[in-house]
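Presented sequentially are two complexes of chain A, the first with chain B as partner and the second with chain C.
For the complex of A and B:
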């Protein structure tokens, strides 16, 4: 009997928390379809006008493309830097993992706004493209997410045996890695890439300060719109939200296919 | 040896170029005046200016209150989550995950729609003729705004901890005649205490470093450590990168100490459940 009561309370608690957390998102979505919504409880009417306006706006498309480029390049850099290290740590030397633990607290002790002071001090006046500094810095800040997701990918197989057999059969280390290891971690790698892409795609602090608005990404565009046109901005926020939703749904689908064991690791991936 | 070098080279270069070098320069610059000479003037300025002390005070008080509130709510939320069926859990984890990544400009914008001066909340309170005490553009408003990403983050940290607790413990203590309150306070609480400390530290640190949400909501009108750093770099007041470096150094030192202390408490208590 008591168990049943527990369940009811649990459902009520979760419902309350979900409503609280989702309210801002719902309000934004409603706002994006509203004709006008000022000082009233519900909008005056519904329209798709703002969506058409945004989609046909060239600023939107170029901001979107810039964010996608940022996401893709960062993902490539992050994979090149972290994949070999995570592989080595998991397969040859577990003790490295203890030393890499500092990574997990990095975003808390040195968040973007702190790191950026040093970056500006060192690189702002050097004749190197600030874009490069930005890309490397975003890759670094995505490290905890990427690292954790990649680390999860190496659970469950004996990669050392696989890798060394490939070497004995005459493959070069790189070839062995590409032919033998990557196919076995492709799911985990894909998840790591999605997470890295998402974090770079939505980056704001570093992009805004290092490039100073010269490179208008989706978030910077969103901020500019917010100051001038609330309706258009709500459309952009809604689109951004759906983008996040689609990525999450893809990840859940992949993990479901991996079986329930992997599902539990979602929690771990998030436990940075 | 050569292979090892190849493996660590890209990673090492990245860490060196965008972490070690900038952070070292940040530390050194914090001890330089505008002309480049060695001095403590930046720190002197921070501690003796009422404006900058206010930034530190605001940051700490907002972060402390918001992370305490979020901590309590997320423990309850994570507990409730463990009681639900597996498929519901998965859906909710996705929801919480999304609402935590919604932080920043999007969150600021939706809070303006909800609680801004022409927002829905204002409309509701004025139709009902209730006095509306919430001003989102204030220190209290910020404390409130932070809970929207701190709570989901806390739930995602706590869920694996509570989910791994053994169901049998409750049955054992029940059979031995312990009440539910006794079980929670004498069995569960001591076990998860280190996790509570650890998660509190993470939530606090996360709130301390929040820049995007504050900046998008209030520009530099709310004086906190991150917004002061931002305006000192961007030169909206007067650009003074060394002073920004001093603030950043102060931040890093405080956070490193807190995270380290948190870890120590966790390790002394031992028995981490994970």
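For the complex of A and C:
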């Protein structure tokens, strides 16, 4: 009897938490389609007008392009910087992995504002474009997720032996890396790239402080819009939400596929 | 008689500040299977990697077919290597794995098709050429690795503990297969293992290593019957090792100042004498323990003068039980003297 009561209470708690989390999302989505929604329980009517306004707004399109550029360039920088390091750590010197793990958690422990202040102070008087400082800073902030995703990609196979085998078969180190290592970590790399891209795409604090109004990204535009037009802002939030949801679904699907593949491999090995 | 094909002269290797290989010298003959045997950490794989060109910081000379190769990069040595994990490329089919080196050499598609087809036929994997490594058994993976190395016609094939991850039955099957390929294709092979039985079973020659040094090189029989030092006596086989005083207590005359050790191989004990009694020593004692080793039985006995000895007989000869008083005999001429 007591167990049944516990189950009921658990279900109620879960339902309340779900409502608490989901209700704002549903309200925002509804609001983005509402003609008008003031002093009524439900909107007066539905429209796509706010969406049309948004996609034809040049400020929005510019902010979107800036965010995409920021995401792509940061992803490229992060991959170019971290992939060789993770490769070296996994293939040649596992002892540095402990130090790398420590470094990768630093962005979690150092608040963004402290990082920005430090960066601005260090680079303010140097002839380095602020944009470059921003890109490197965002790359660093993405380090925890990028490193973890890349590091996981190296668990699956004996990459050292594969890399050295390619050398023995006649390839140069660069060609061996491109032909043997990259194709076999492509899933991990793809996930790392998506994570880096989304964290850079949605970055607000660093961009706002380092470049301010000179470089309005989607997130900065979103906050500006929130103060002037609630419905347009809810449209943008909805679009942004679905964009992140699609990326999350893609990553979950990839990881699930990999997981199933590993289970099959284990099954096959047991059969032998 | 085969000729010297690989020669290592005064090889020293430092890894992270530690000298793991010290002035090592050995020679390998053409078309033979030589095994590097030694306990974990003895430096076997380090030497193999140096020969392959994967350890760049070495001192000394490595001559392959009369040419110095120690300064050449791994991709310029024309050496094949099979790793413990086989290192097959998971993203490539069996055909493409085997064709990899040929493509690097920019061979034409027709040549690649012909050579890969021929080598896959040799290792009996023609029907698996479109398969991917994840769908192959351990034995099939090993054959792909051999085919991939052999298709380039390397001067020497290095095998780094290729059987260590497999269970006992498959190991025996695959080690015989490796030996068969070596003999059929006439390849010079250098095989690394820590398993004495494996080394004994397939090698023409064994190089035993410990602590970065060659302890002994010779044929399996030579190494087993005549270990040169105490390490060898302890590492190879299951010998009884006796000090001078202990041997003297069994009635063998040994010079007072002789500090050598002596070995008695357990299988040389007999239950009765077959010749002149002056040629034998007699060990009287009680059976302390019996171990069934399959085809043989090992008896551990405590001799009347307190020595712990091991004696092995064929399984069908078992007539003793624990605690039984026994007399075992061994020819004095079968007692082997070893240095330090």
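By our rule, the second predicted complex is superposed on the first by the 241 of 272 C-alpha atoms of A that agree within 3 Å, B and C clash if a C-alpha of one lies under 4 Å from a C-alpha of the other, contacts with A are read in each partner's own complex, and residues count from 1 in each chain.
Keep in mind that, in the parts below, a contact is a pair of C-beta atoms (placed from the backbone, for glycine too) under 8 Å apart; a residue touches a chain by one contact, two chains touch by 3 or more.
Worth saying up front: this structure is predicted, and the values here are computed from it rather than measured.
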After the chain A overlay, clash or fit between chain B and chain C?
-> fit
Return first, second, both or neither, reflecting whether A:90 touches chain B, chain C, both chains, or no partner chain.
-> neither
Among the partners chain B and chain C, which is in contact with a greater number of residues of chain A?
-> B
Could you say whether A:120 touches chain B, chain C, both of them, or neither, answering first, second, both or neither?
-> first
Which holds for A:41: it touches chain B only (first), chain C only (second), both, or neither?
-> first
Applying the touch criterion given at the start, work out whether A:217 contacts chain B, chain C, both or neither, answering first, second, both or neither.
-> neither
Given the superposition on chain A, what is the angle at the CA centre of chain A with arms to the CA centres of chain B and chain C, as a multiple of 10 degrees?
-> 100
Please indicate which partner A:148 is in contact with in the superposed arrangement: first for chain B, second for chain C, both, or neither.
-> neither
Identify the partner contact of A:196: answer first if only chain B is touched, second if only chain C is, both if each is, neither if none is.
-> neither
Which of the two partners, first being chain B and second being chain C, lies in contact with A:231: first, second, both, or neither?
-> neither
After the superposition, what is the least C-alpha distance between chain B and chain C in whole angstrom?
-> 10
For chain A, which residues lie in the overlap of the chain B contacts and the chain C contacts?
-> 268
Inside the complex, what are the residues of chain A that reach chain C?
-> 157-158, 161-162, 164-172, 175, 180, 183-184, 265, 268, 272
Within the complex, which stretch of chain B touches chain A?
-> 3-4, 6-8, 10-11, 13-15, 17-19, 21-26, 29, 73, 76-77, 79-81, 83-84, 86, 90, 92-99, 101-102, 104-114, 118, 120, 122-124, 126-127, 148, 151-152, 155-157, 159-160, 163, 180, 201-202, 205-206, 208-212, 216, 226, 229-230, 233-234, 241-242, 244-245, 247-248, 251-252, 255-256, 259
What residues on chain C touch chain A, complex-wise?
-> 52-54, 73-75, 77, 79-81, 83-91, 100-101, 104-105, 134-135, 137-138, 148, 152
So, in the complex, the side of chain A touching chain B is made of residues 2, 6-7, 9-11, 13-14, 17-18, 20-25, 27-28, 31, 37-41, 77, 80-82, 84-85, 87-88, 105, 107-123, 133, 136-137, 139-140, 173, 198, 202, 204-205, 209, 212, 219, 222-223, 226, 230, 233-234, 237, 240-241, 244-245, 248-249, 252, 256, 260, 263-264, 266-268, 270-271
